[in-house]
Each structure stands twice: as structure tokens, then as C-alpha cells.
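So that we are looking at the same thing, I have put the structure below in C-alpha cells.
Note that the chains take the letters A, B, C, D, E, F and G in the order they are written out, and that residue 1 is the start of every chain.
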Amino acid sequence: MTDTREHFHQNLSNLEQSVLDNANRCIKMSAMAVEAVVLPDLDLAARVAEEDLAVDQTYLETHNRWINTMARQAPMGGDLRLMSVVLHLNTTLERTGDQCVNIAKMALVTKDLPRSDRVLQMIREMGDLVTPMLRTAVDSFVRRDVEAARLLPAMDEPIDRLNRNMYRAVVDCGPAPAVLEWATRMMMVARAMERIGDQAVDIGEQVVFLVTGEFVEFADPGDHDGDRV
Amino acid sequence: MTDTREHFHQNLSNLEQSVLDNANRCIKMSAMAVEAVVLPDLDLAARVAEEDLAVDQTYLETHNRWINTMARQAPMGGDLRLMSVVLHLNTTLERTGDQCVNIAKMALVTKDLPRSDRVLQMIREMGDLVTPMLRTAVDSFVRRDVEAARLLPAMDEPIDRLNRNMYRAVVDCGPAPAVLEWATRMMMVARAMERIGDQAVDIGEQVVFLVTGEFVEFADPGDHDGDRV
Amino acid sequence: MATTSTSELVGRSLRRRGRSWVNTTIAGAMLFSLLFSLIVLVVLLADTIVKALPVFRSRGLEFVTANLSSQVDSAGIAQGIMGSLALTFLVIVIAFPLGVSAAVYLEEYARDNRWTRMINANIRNLAGVPSIVYGILGLFLFVKLINQGLFSVADGISGRNLIAGGLTLSVLVLPIMIITTAEALRAVSRELREASFGVGATKWETIRAQVLPVALPGILTGAVLTISRAFGETAPLLLAGAVLSQYFSVSSDAGLVDLVSNQPYTALPLIVYNFARQPETEFVQLTAAAILVLLGMLLSVNAATILLRDRVERRRG
Amino acid sequence: DGGPETGSSAVAATGANSIAISGSSTVEPISARVGERFDAANPSNSTTVEGPGTGDGFARLCAGEIDISDASRPIKDAEAEDCAANGIEYVELHIATDGLTVMTNPSNTTVDCLTFADLYALTGPESEGLENWSEANALAAELGGFAGFPDADLVVVGPGEESGTYDTYVEFVISDIAEERGQEESTRADYEASANDNVVVQGIAGNPTSIGWVGFAFFEQNADVLRAVEIDGGNGCVLPTIETIASFEYPLSRPLFIYVKTNELGTKSALVEFVDFYLSDEGVEAVGDAGYVELPAEDLEATRAAWAQAKG
Amino acid sequence: MTANSALIDLTGDPRRRRRERTVRFVFMTAAGVSVLISLAIVLSLIEQAWQFVVAIEFDQLLANGWFPRRGRFEFLTLFVHSSIITGIAMLVAVPFGLGSAIYLSEYAKPTSRRILKPILEVLAGIPSVVLGFFALQFLTPSVIRKVFPAADSANFLAAGIGVGILIIPLVASVSEDAMRAVPRALREASYGLGAKQWHTALRVVVPAALSGIAAAIILGISRAIGETMVVALAAGLNGIRNLNPLEGGLTMTGAIANLSVGSDQVAGNDSAFQSLFFVGLMLFTLTLGLNVISERVVRRYRQRY
Amino acid sequence: MNLERSPVRLTGGQSPVVDGSPGDERTSVVFDLEELNVFYGSFRAVKDVTVPIRKNEITALIGPSGCGKSTVLRCFNRMNDLIEGARVEGSIRYHGVDLYGDDVDPVEVRRRIGMVFQRPNPFPKSIYDNIVFGPKIAGRKTGLDDLVEESLTKAALWDEVKDKLRDSASDLSGGQQQRLCIARAIATNPDVVLMDEPCSALDPIATLRIEELMLDLKRDYTIVIVTHNMQQAARVSDRTAFFSVDVNEVGQRTGRLVEFDTTDKLFTTPAQTETEQYITGRFG
Amino acid sequence: MNLERSPVRLTGGQSPVVDGSPGDERTSVVFDLEELNVFYGSFRAVKDVTVPIRKNEITALIGPSGCGKSTVLRCFNRMNDLIEGARVEGSIRYHGVDLYGDDVDPVEVRRRIGMVFQRPNPFPKSIYDNIVFGPKIAGRKTGLDDLVEESLTKAALWDEVKDKLRDSASDLSGGQQQRLCIARAIATNPDVVLMDEPCSALDPIATLRIEELMLDLKRDYTIVIVTHNMQQAARVSDRTAFFSVDVNEVGQRTGRLVEFDTTDKLFTTPAQTETEQYITGRFG
């Protein structure tokens, strides 16, 4: 079976590759950002910010090339779904990058503050969960692996739980204002990681759409945040 | 000048209308959600969650219709940009809806907690800023008003500032754990409103792209969150 | 149920309402008008054969090889056959190259200006000029001028020779030759020419390598048809010097040049005409026999044409 | 030069061994037979025999284009002057006799014998427009003819005006009466004319109440479908037969000639041999073969003598 | 830029150019010959015809009948006779020719077409002298005389029918071409609207091809007028005006043929001989006119498709 | 009608996917092709086609060249009868009536099932005469003027030609001519209009106009369209049948229905790999 | 070369937007059309076209029917010389040489500037003879076999036909024929290949294959393509010239360059409203 539209498909896979580049950057960044906050390591934080410039650059380029490819190729069927997924993931990953930057920045503002071991432990745990989850999501995209993608909501479960428990942990930190400030910042970090988890789930949703053509939300995203009623 | 592709353009404006419907829902929801938290009013909060079901429903429908329209019409030029904007805004607004739900949910978990006037005041202020900002963004889209869209980053400025100041205000609330918990929750509310502000800016960016064909980020979104370094 | 009634209703409305006699009648009438020609042909042939039969029965093919004679029982048509073949040869030699060249010029070279359009219209009109008018031309131009030594080939040339006849017939078929060739050339697609020009061929290279090979079957078909027309022509030769008589002879030691330029000649159709004018009832039979030979020769030419064309058509798909 | 020439009028009698004969269509069968027999013995010779008409033959003879002119009447003065003007010399050779035959359909039994007056009344210039035999009665009676024509459709068929036979018919039958009556010396114009004598024969044979005329040979060929009418030239009714024609008893008998150009006799041996053969016993047989009446011996001798004298 | 101009040489091969010019000249000469021919025709006709016209008196042209020997040159008679024959010929050729064309183009399946079409082609290949003999020796005695025993042996009817038969293939093939030039799409459109075959043939195809059919008829007329041999053999030599189709008469072509076959009268009479050119010129003018008209008509339908 | 029949047929190995859609119950079936095979002489051009055509919908037939789209289309109004040697096996039911039944008059069929062709083919007559040709031969004598106005209005041509109804149809532009042909087709009051690549001879603008017109017309008519242009099928049709072609050893091409589904589905998430490959431009 | 000239020309009222792109400096200009006007007799078919064609790029000419795309294209290799009454004003420089200069032999021009036409038009000869015709008449006598292989390989046809080079070209499929025509065009070693709607007679699959081929070929050649199909221009070209057409009172259509820009730009954010309306299907 020859591929008649090889130049177009070349084009399309270049686009996909750009998105994957950003995805891999994000995976790296999320690990680095958590590390930067936990250590804390300002250099590492700076490198995250730097990476994000590349992410943003790629994001813009991809968007423009997306529009051009769309105008030029009028893709259909699976190609069209891939195009729509690419646009979606492009935006999602740019935001993931932003979230990583948000995390990394906390390293700077919290570098001199006292810490709470419990909270730090929770952050560590979340970090250990979120990066692999993102990797799983990206892998499921690369391999068009619906099964893997469908595992993502379950993987998001412990992250959400940890994020929910953060309130309590933060409140429990009081009354020392410095620790409280640190903990409050960490709540933001947790929140960011929780969002990265959500974005991983979002990627999974897109993978399922890409492969099956059916677009479903894995779960009400309104649920990921805040307590169960 | 007759419009040769009237059925397609009918289609396209229907899609745009769906997005606008969601946009208007989001405007309403953001006002309602803040109100629900501030009063607090659980009914109002419940209605926000309900509205979000409609938002999600429209979101899914729009996505499917977008794919179909894309496959069927292969739009070009301005039409293509509009399609891309529609897809983008569809996702953005769905997330805005989620943010509103996130805010509204706080009404439930904080309904019995003691409050801090200063924090409440800040939340009110943010709420008073964020809904009009969202409306401005949506209006700029409806009217293809680049000037209005360009104002949005400036409108986002005070919201960001209020959000940044939230940390301090929350930490200042201590040491009473109940108040602290409430304040911590409010920080999440502020964070959600800040995100809605960002999403309004995002809408503005899309409007500029739609009209000029140039895709630029108004500002580094990494900056919106967290303190300046 | 509503369903059954719909389908019943539709079914009823689609039903055939008897055979259309109008259709059948009209088709029959049209077919008859075509078959009328066949009937004519059959009757003509049958009548001719019946009339010619005694000749063939008594003389076999001898009358084909015999020369003219005032005696019915020994009169033959060999001179007519030879004359017709010689004339045909001259037409091929003169009209074919001239006609093809002129057509190539008009189709491929000439700019489409008033001049060319006039020439084209002129040629089409020439094709419609009655053949007897060409006879007048042949008489005036060739017989007379040759007689006056203008086209001298040999000493003591006579104006009433094969050259004059051949020229007259050539001129007669030239417009037809040009038109059929032009048509064949025109049938060659513009795309083919453009393709050739597009790779940097000159006009002549295009014509020689692309246009003519494609047009050739058409040109040849046209040529054969044209020549068979010349073969059957009578009227112009009446004026153009062919001998219309019961008897003439050609010197047995005439050379080729002498034969075409200095000996009397006739053609098969003229013999038919002359026989048809003779009093003896035997001449009616002889006329019929000569006609059979004439038709036989023509039919073989036509059959060849039809075969040729069928082959070309099939090759083109 | 612009001189009048027809398609068959330009035989240049040039080649030393080619003989061009033209002229009377009536004589043509005789000359053709002679030529044929001559060529059989002399294959290197080329002979052309044509029969456009007597006058045409003379015209061409006098233009120097042919060697022999066949003629169904003697040369006219005007024609002879023409020859003299062109320096053409010739010898007139009487070779046979023909009888112009007036015919009708065999089923026509009412008419057996006609006088010149009857023929004038039926076919002369004054008969133009007549469509019934009986309509000619008045004129025939006036001229002293038979005048008992029945009430039947009149159809006149004959050779075209171009033929010498037509000419002879006019000369013998019409001229005198027409001249007398101050009429044009021609037949009625509205008869069925054909250059093809066969058509004339068919025209008469195909119509029970027709009348027409052709050369005797043509009649004889079709004697089964035609009936010759007796002619009364003043000496009673005579039926055309070989005998009555030869004896000139038949009023429409006429001599047939060949006119031989004598200018080139010295150089053109083929022509001399040809005429020698023409007048030989073998040659003269052609006359009878062609359906004409051979000359009595004394006339033939006179002809041979004339030829011998011309040869010098 | 100059550097580039030097590099890029677009002047081509002079030898090829020269050869082009030579070839072109050869072909042009050939085309010139055709022009010369028509000039020659017109000149030869006009010069002699002019001599004829100046030589005769005008009333000779109005004299009773066409008898060159008698100095009676009533051209009208020839014209009327030609017209009668043409009329009869068209009465035969138009219905049978058109019918054949309609059958071939609309009804015949490709296979039967392959069998039937050659009938017309064979008929077209029959020399006119053969049909003249047929008219003289078969039509008159075996057909016409059977119906009209009074018919003359040479008559317009036989000649007209003979000429008509001769023209059937022309009318058929030109009008069939016109009908086949009607796009298949038009027929499908008609069938698609629920039309029957005869509707399609007579109401769609024939009207669409009408100008082509008209051209076919005009061409047929032109050919009929110019037809010589059938007339020379079967129409007789009567120079008196005759309107009865059962009797014969001299036509324009008949007159020319007759004069050309030669006669004693003509050889000695300038005017009589030159009348041949006069009639020839008339014939030429007439057929030319008809051809020009048919050309116009044809161009109209060519343009449409 | 025939809705009870399973809309999914499994006919062995390469079974075409004929899928229903949520809308199935709302519209009734006008044509029901079952196991349709079309032969030209002994050569099978189309194999085992089973497709239902629904009322007031536009059904598109797409597929590579030679896959038998036109052949199938011409079965719907028995236009194939005009081609020598063409033969149909299997059944086509039109409102439940077997179209190839013995007592069915093809002339009548064609009146009810109009057709529009690849190149605009107006009769070389006036605009008016083009429209009334069909009705007139069907015997209609009155109300022709109204009919002309109505047909032309439906075909979105009335405004452009109302002042020149007596002018020759040949003077119209290509796009106008094609709309005239559509008007002519609907003047006989058919309930189905078949269109065989109706825009392939038109420029993009005229094409879009015809497409718009089809979308307007489907309110009153059922439309089946053959098109080479995937985008066009995507743009206008409600359902699409995708045909592919198998080439045998001697190079004969037999068409085969690969997939029949709603257009939305077929062009975004086709069920068959072959369809996917065709619409995304991978093929061969 | 002519890059110093302002790439933006403002020629008054309806000036076309001729925009440069970042890539301008990288490629040199092969053709430089300036104020080109083409007349058929006294009728001006194309008005004031100023366009640079760049090396190793694909330039597409698009626009509505009759806007003069083909007319302009045929100026590039003086194919218009073959049309009676066609006349060119303004200048076309080819590598700086005036194409319509006095001592320019159009035959030579056409050898250097190949052309591919709307319908595949192979010579009715063998595949081999099709390819070698051009080189042979240009005087080439040796290495023809290699040339055939090379040209066919470049045209992506070698594998399909290498075993039947002596077979008739007419037996190839439409798409193969068109590739053969491309091979034939490049066999004379041109540096430009002009293509006038090269795919309009082909089915979508064959079309895509030709498009792919063009993209391969632009490594070695400069390509100018006329197309009716916007999508095609969008798919393959680097730059696009959009022509529109003004119709005068008597219905004569004069083409006019509206916009010339990189294809990306022209199809996503055209500078001219007219372009936008055309590409989005609003028009007229």
C-alpha cells in the first residue's frame, strides 16, 4: 500500500512531532519543576522557565503550521481527527508547560521559608505520580493506545486525592506564618500538579477520540477539584 | 455580493452560535458562582453545576459538529480561522465552566466556616472584575473587535494582583484553623477567578488571530500566576 | 396498510400501457427508407446481371480483354480498363501530393485571415461544382493548351491524350482531396500538436512526426474514396478529349511517353456511355456487361476503403 | 486562336502511322469495321474512328486535323470554300448507300404508306403542337397527301438535330415544301429527340401510335419491334429494302462518302494503304456487315478510279 | 542581467529555421494551385460566355426553346427542365435520404449500423452513367411505362428518379452527420425526461440538426442540378419547354453534354458552340450560390456544438 | 416499507458496511437496492450492491474511476436499458415496486425519476421549450406557463431568465445551463432526481451554486448524486456510499460497495480501512 | 537579478498586492513578468500582470474561469504564438532575457520551458518514442536509453512501465499518461515546467499522485501550474497568484492579478477582500 499523499503525511507527522516535542519537554519540565521546589534548586527552576520558552515557541509555530496545513490539505477522516487532536494537544501542552513554570516559580518564592515535612512528603508523592502519568498519556498518544489512555482517569485518582487532602495538611501547618506561607504556596504547587494530571487525562480523551472517532469526557472535570459533595 | 455557500456559512454561524451560547452561560455562571460563595447560597451553587452540564453538553456537540463541518467544508481563509477559533474557544469555555463549578463548589465546603472580611472583600472585588472581563472578551469576539480584545490583558492586571495578594491575606488570617481553612478555600476561588481572567485574555488572543490572522500571546501566561521574580 | 397502497399505487402508475404503435410505425418507415436504397441496388444489379448474362455466357471474360469494335460480338472493353487505370494512376500522382500539400498548408500553416478563409471557402465550393464544368475547364485549359504545345512533352503532341484527361480528373478531385485531408488533419487533436510544440518541435517536425502519421489513415481513406470517384466520372471526360467511339486503336509500338501524350484514349465509364447509345440490342447486353466490370472494379476499391476505415476505427477504439 | 472546338475536335493527324477519321455517325460503323480489319494486319498503326456528325467531320478535315472525313451527304459549298482557304485538298469517295427509314409501332396498322406531304404535315415546322394524328389531316389534305389519319395520340420520335440523319430527313422530306410555304427548313421542335438511336427505336417500339425515323441499319437491327412505313416520293409507295435502297427506288435513299485528305498522301504511306484497303474487296465487305447497301460494281469502280487518280 | 543574457541563448538552430521556410513555401505553392484552378474555371467560362453573349441578339435568349443550331437559346427552358428533374430527384432523395439518416443515427444499433451503412456507401459509389443506363433501360420500360404507358422513352420522371437515387447517399450522409453531431447527452436528456424513441428522434434530434439537414438538402439540390450522365442518357434532347414529367427535355447539363459530344451544326457555328460556356457559367453560378448558402447554414450548426 | 429489513447486511468476506443512522426511522426508503449486479455483456461491472435510498435526502455515490458509480445510478431510472448488452441482476425496488419488473414501462420510470447529467445538456431550443418538453410529451397541455415559472424558481434560475424565456438556452452560462437542466428534470414532477457528476464541467463558483441548489431541493425531492469529488459528497450529501473497484487478471474492473453510512460518519470515522484510505488520500 | 526592484508595486486604483516573503532572498527569479498585457485581436484578455516566478518553487495561478490563467501561462513559453491574433505587451524576462525579443526562437524557448497540458496528450506512439521525440529533434542521438530511464524515473513512472517501453502510450491509464507527459516534458532538459490544469481530467487518486510528483520535481525544476482547484493550489504551491476577472458591458472578460503571495499567506490571511471571498466560496 503506497502512500499517495506522502508530502502531506510528512507534513502531518511533522506537526505531530512538534506536539510530541512539546509533550516530552513538558514531561521533563514537570519532573524538574517538582525537583526544583522540593530541593529547592533555583537553577533547575530557571531551566524550567527556559524550557517553557521553547514550549511557547513551538506552540506558536505549531498553531501557524496547523492553520496552513488545514488550509492546504483539507484533511479528512483519521487525518482530520489527528489535526483536531494536534490543535487541542498543542494548547493543552502549552498550558502544561505554564503549570510547570508555575510550580518552578514556587521554588524561588519559598526558597527561604521553613517547611512542613508532611506537606513536602505529599508534594513528593504527587510529583512521583504526575510525571509518569503525563508520560503514560503521551505514550498512549504516540502508540495510539486506547487501553493505556483509558487507564489515565484511574491514575489521576490518587493525585486528586492528595490535592484534596492538601487543604487539611496546610491548615494543619498553622500557626507559624512562615510555615503557613510555605504550605500555602505548596497548595498552589499541588493544585498545579493536579491540573497537569487533568491535562494528562485530557490527552487520554483526545487519544480515544483520535482512535475511535468518539469524543467523550472521561469524567466530569468539575469533580477533579474540590471535595466530593 | 451574494453568498454562494450559504448553507455552509449557515453551518459556520450555527457553530459560532453554540460557542457564544456557552460563552454567555459562562458569563452568567461566573457571576452566579462568586455570588454563591460570597453569600453563601447553596442553591445558586447547585444551579451553576447544572448550567455546567449544559456547557459540557454543548461542548461535546460543538466538537463533533466542528469535526463534521471541517470534513465536509474544508474552509479556507477567514472561515478556516474562525473554525480554529471556534475549536479553541469551545475548549476554553468548557474549562471556564469548570472553573465556575470549582468556585461554586467552595460555597458548599465553606458554608459553615468563619470568614475573614478582608479576604471576602478581595473575593468580591475579583468577582466584580472577572465577570465584566469575560463579557468584554466575548463581546470582542462577537463584534470582531480587536481594540477591545487588546484591552483584556490590562483588565486582567488587577485580578492578577488581587490573586497574588491573596497569599498574604490568607496567611494573615491565621492562626484560627477554621478561618484559615475558609481562607485557604478562598485562595482556590481566587485562583479559579484568576484563571477565568486568563481565559478571557485567551479569548482576546483568539479574536486578534481571527481578525488579523496573526497569532500572538498577549503576555507570558507563566506570569499570571505566582509572584514576580 | 399504507405501505402496500403506496407500492401498489406506484406499481400501477409504472405499468406499461401496451406497445406504442406510433413508435413501431415510425421506426418501420425509417428502416424502409434505408432499405429502399438496398432494393434499388439489388434491382440494379439484378437487372444488369440479367442483361449482361448472355455476354458472359457466350464470351466469358474475352470481352474484357478485347478491344473496341464496331462488331457487337467482338467489341471489348480492354482499352477502357487500361485507360481508366492510367487515368487513376495520373490522378494519384498529381492530385494526391498536391491535395495533401495544399491541405497541410491551409490547415497547419496559413493564418486564419480573410485570405485563407476565402481560399477555404473557395475550395469547398469547387468541390460542389458539377463535374461537367470541370470538363469545360479540361477542354479549355488542358486540351487546348496542350494542343498548342504549351505543355509539350513530346513532339507532335495531341491535346486529346491521357495527360489532358488525367489533369482534368485531378483538378476535379483536388478540392475533395484537400477537404478530406484537411478533415483528417483537423481530427488530429490540438492537444497532440501542442504536446509536440511543447517539447520544442518546429512546425514541420510536428506535422511530419505527429500529425501526418495520425491523420494518415483518414487521408488514405479519403484518397481512395476520391480516386474511386474519379474512376467513375464520365461527364468531364466527354469534354476532356477521351475518345467516344465504336472503334479506335493504339499503335502497338507506342512508348510510354507516346502513350500518355500522343495516343488516343478512353475510359471505362465512357465506353459504358457510348455502348448505351448504340442501336443494336446486343449493345444493351454489352453495356450491362461493361457496367458489371466497372462496378466490380469500383466495389473492390470501395470494399477496400470500408475495410481500411473499419480497421482504423477499431484501432482507435 | 479561339476557334470553335469541341471535345472531339482536336485530333491532330500527325503521327506517320496514325489515322484519324471523323464525321458522319452513319458512316462510322463502316469506317470502324474497315479500321479494325486494317489494324489487325498492321498492329503498329493507330486508328481512331469517331462519329460526331457529317458537318463536324468536314470542319475538322478543313482545319487539317483529320485524315478522313466520313459523310452522309456531299460537302456543302461553304465547307469546300473553308477547305480551300486552309489549303486542304481532298478526294470524295462514294462508298455505300443508306435508306432513311420512317417507322412506326407494329401494332399501328392504319398507316402503311406516307407521302412527303403527310410527313410534312406530321413532323414539319407547321406541325408544332399537334398531339393527334387526325389534327394533321387538314394540312396533309391541303398538300395533297394521304390525309386519312385516325384519331390517335401522335408521338414523334427521332434522332437529335445534330445528326446528319436529321439533316437528311429535313433535306429530303421537309425542305422543298417548307421553302415553298415560306417556313423554316426544320422539323417541328417538339418531337422526342435523342442522340441515342437506340432510344429512338425504343421510343417507337414502346408506343403503339408513334412515328419516327432512323438509318436503315438501326431499323434492321430492331425489325422485330418496328414496322417500316412505305414512302411515296411521287412514284408510288416503296418499302425500304436493300434492293430498293441500292437502286435509289426508295425515295429516302442517300449516298455515303468518305473524304480523304490528299495533302500528305506522298509522305503518309499508312493513309494510302488504309484507303487502298478500304476500297479493296475485303474492305468493301464492311458496308454490308454494317447493315448498309453495297455499291453496284460500276459505282465501286468509279470510286476506285477516283482514288487511283488522287493517289496520282 | 547581461551575464545571464550571455548564458541563455534562445536564438535556436538556423538550419532548422531555414528548413521550416522551405517546407512552408512548398506547401504554400500547392495551396496556390487550388486558387489558380478556380480562377481558371471562372476565366475560361467567363471569357467564352462573354463572347457568346456579345455574338447573339438578346431576343435569341427569349426565343422558343433551346436549339443552338436554330439560334434559339432560350435558357429558361433548360433551367425549367433542370428544375423539374431536380424537383423529382428531391422528392425521392429527401424522404429516403432523411429516413435513412434518421434510422442510422437514431434507431440502428452499432452492429446493424455497420451492416446497413455500407448500403448507402455502395450506392454512393455507383457511377452516374450506370444510373443513367438504369433509368433508361430499366426505370422507363419496366417501371414507369407499367404505371404510365404513355410515358415517353426519354422522360423527366425516369431521369429525376435516377438522379434522386444518386443523391440519396449524399442527403443521408450529410444529414446523418448533422444528427450524429447532436450530442448523445441531448438524447439522454430526452430519454431522461421520459421521452420515447420517436419523440427523441423527431422532436429533439431532428430539430437540433435542422440546419445540417437543410444544408444536406441544399447540397442535394446543387448536386441534382449539376448531374449530367443520367440526364444525358435518360431525359432526352427536347429543347422545347415541357412541363410533363412523362415526357423528356433538355437540361443545362444535358445541353452541355450534347454540345460536347459534337454535331455538325455546332462545328461550323461559333455561337452555338459558345453557348456551351454560357450554360456552363450559369450552372457554375447556380451551384456556387447553393453551395454558399448551404455553407452558411452548416456553419450555423457547427457553431452550436 | 422495507425498514424492517436489517440495515446491516453481512454477505461474507468483503461485506460492505451498510450502517443505519439515528435518522433511519424518520425517513422512508424510496429505492431499495438488493444484491444488485450489473453486467455489460458478460462482464460484471458492479457486484452485489445493497443500498437503501431515503426520501428527502441526498445520497452520494463516490469512489475511484470505473467503480461503477454511473452504472449504478443509471439503474435507478433504467437508463441502462439504452446501452446494448447492459443487464441487471438483483432487485431495485422503488417504493416497493420492482423497477425491472415485466410490466414496468421504462419511459414511465424515467418520468418519475429525473436525471441531470455531467455536462449541461439543454436542448438547442428556448429556455421555455426546454422546460415544457417533458410535460408536453407526457400529455400535459395546460398551465405550462405556471409550470415553467415554478420549475425555474425551484432551480433558482427564475430571476435570471424570466425576461428571456424565449431566448435560446445555449446562450446561458454553463452554471445557468446546468440549473436549467435541473429545472427541466423537475418540471415532469419526478420524486427523485439523479445527478451524474453534475458539476464536473463547471467552475468552483458555479459548482457551489449548484450544491446550494441541491440542498434547497431536497426538501421536495430525493436526490442521488454521483461525484468524483469527495469534498462535494462531503459538502452536500446526507449519506454516502463508497464504492471500490477490484481489477481482475485481464484488467476488467468490477465495482463493489465498500461502505454506506451517513456522510458525517463516513468522512470522519469510516468503519472500513479502505474508506479511510480513500478519503485521506492513501490508496492503491 | 531583479530582486532589487520593489516587490511591492502600487499601480493605482486596483493595484494587486504582490508581496514578498521571507524566502525571497534565498531563491532567484526565473521569470519576471512586468505589466504584462495579453490581447486576442483587439480584446484585452489579461491586464497589467506583474509577477516574479522563483527558481525551484511551485507557483500556482488560480482564479475564476476566464480570468486568463491559461493565457498568462502560455506566455511563458510563447505557446500563444500559435494562436491567431494573440499579442503580448509588457515584458517577460527569462533569466533576464526578453522572451519576446526579436532574435528569440520560440522553438528554442519551448525546449527550455516544458509544458504539460490539461488532458494527458501522449503521442500515439510507444512510451519510449514519446520520451525521445523532443531530444531527438533537438539533435540528440546518443544516450537515449539512459535518458528515457532517467526521465521516467523522475516522473515516478519507471517502475510501472520499464517492462513495456515499446508498448503504446495510449494503453496507459489517465494518471500514468499524465506522468508520461511530465516525463516527456523533462526529457528535453528544461529548467521550467508549465502545467495547465494537469489533473483536471484525472480522478482524485491520480491527482494526488501527480501533486506528489510536482513536489518531488521542484528540487530540479521551477514549476508554474494553473489550476481551477483551489485546494490543489493550496496543497502544492509555494506561491500563489490570484486572478480575478472584470466583465465589460459587452461581456468581454479581462483578467487582472489581484494578489500574489506565499500560498500559506494567501489561503489563510489574504490581503485582499476579493481573494478572501474567492477562497471562502463567497463570490459574485
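Criterion: a contact is a pair of C-beta atoms (placed from the backbone, for glycine too) under 8 Å apart; a residue touches a chain by one contact, two chains touch by 3 or more.
All values reported here derive from a predicted model rather than from experimental measurement.
Visitor: Looking only at C-beta pairs in contact, point me to the busier pair out of A-G and C-G.
Guide: C-G
Visitor: Compared with chain A, which chain's mean CA position is the farthest off?
Guide: The most distant chain relative to chain A turns out to be D.
Visitor: Averaging only over C-alpha atoms, locate the centres of chain C and chain F and give their separation in whole Å.
Guide: Going by mean C-alpha positions, chain C sits 50 Å from chain F.
Visitor: Suppose each chain is reduced to the average of its Cα coordinates; what separation in Å results between chain D and chain E?
Guide: Between these chains, centre-to-centre, one finds 38 Å.
Visitor: Could you give the separation in Å between the centres of chain C and chain D, each centre being the mean of its C-alpha atoms?
Guide: Measuring from centre to centre gives 39 Å for this pair.
Visitor: Note the residues in chain A that touch 2 or more other chains, in rising order.
Guide: 4-5, 8, 67, 71, 74, 76-77, 80-81
Visitor: Could you list which residues of chain F touch at least two other chains?
Guide: Correct list: 108-109, 112, 205, 208, 230-231, 234, 267-268, 281, 283-284.
Visitor: By the touch rule stated above, which residues of chain D touch at least two different other chains?
Guide: In chain D, residues 5-8, 50, 195-196 touch at least two other chains, as defined above.
Visitor: Please list, in label order, each pair of chains that touches.
Guide: Every touching chain pair, ordered by label, is A-B, A-F, A-G, B-F, B-G, C-D, C-E, C-F, C-G, D-E, E-F, E-G, F-G.
Visitor: Along chain F, where are the residues that touch chain A in the complex?
Guide: 230-231, 234, 267-270, 275-277, 279-284
Visitor: Applying the document's contact rule, which stretches of chain A touch chain B when the two form their complex?
Guide: Residue list for chain A touching chain B: 49, 52, 56, 60, 63-64, 66-67, 70-71, 74, 76-77, 80-81, 83-84, 87-88, 91, 95, 97-98, 101-102, 105-106, 108-109, 167, 170-172, 174-175, 177, 180-181, 184-185, 187-188, 191, 215-217, 220-222, 225-227, 229.
Visitor: Which chain C residues qualify as touching chain D in the complex?
Guide: 69-71, 135, 139, 143-144, 147, 156-160, 238-254, 262-264, 276-281, 283-284
Visitor: Which chain E residues qualify as touching chain F in the complex?
Guide: 109-110, 183, 185-186, 188-196, 199, 203-204, 207-208, 304
Visitor: Across the complex, what residues on chain C touch chain E?
Guide: Against chain E, the touching part of chain C is residues 20, 22-23, 26-27, 29-38, 40-41, 43-44, 47-48, 51, 97-99, 101-102, 104-106, 108-110, 119, 121-126, 128-137, 139-141, 171, 174-175, 178, 202-204, 228, 231-235, 238-239, 244, 269, 272-273, 276-277, 284, 287-288, 291, 294-295, 298-299, 301-302, 306, 310.
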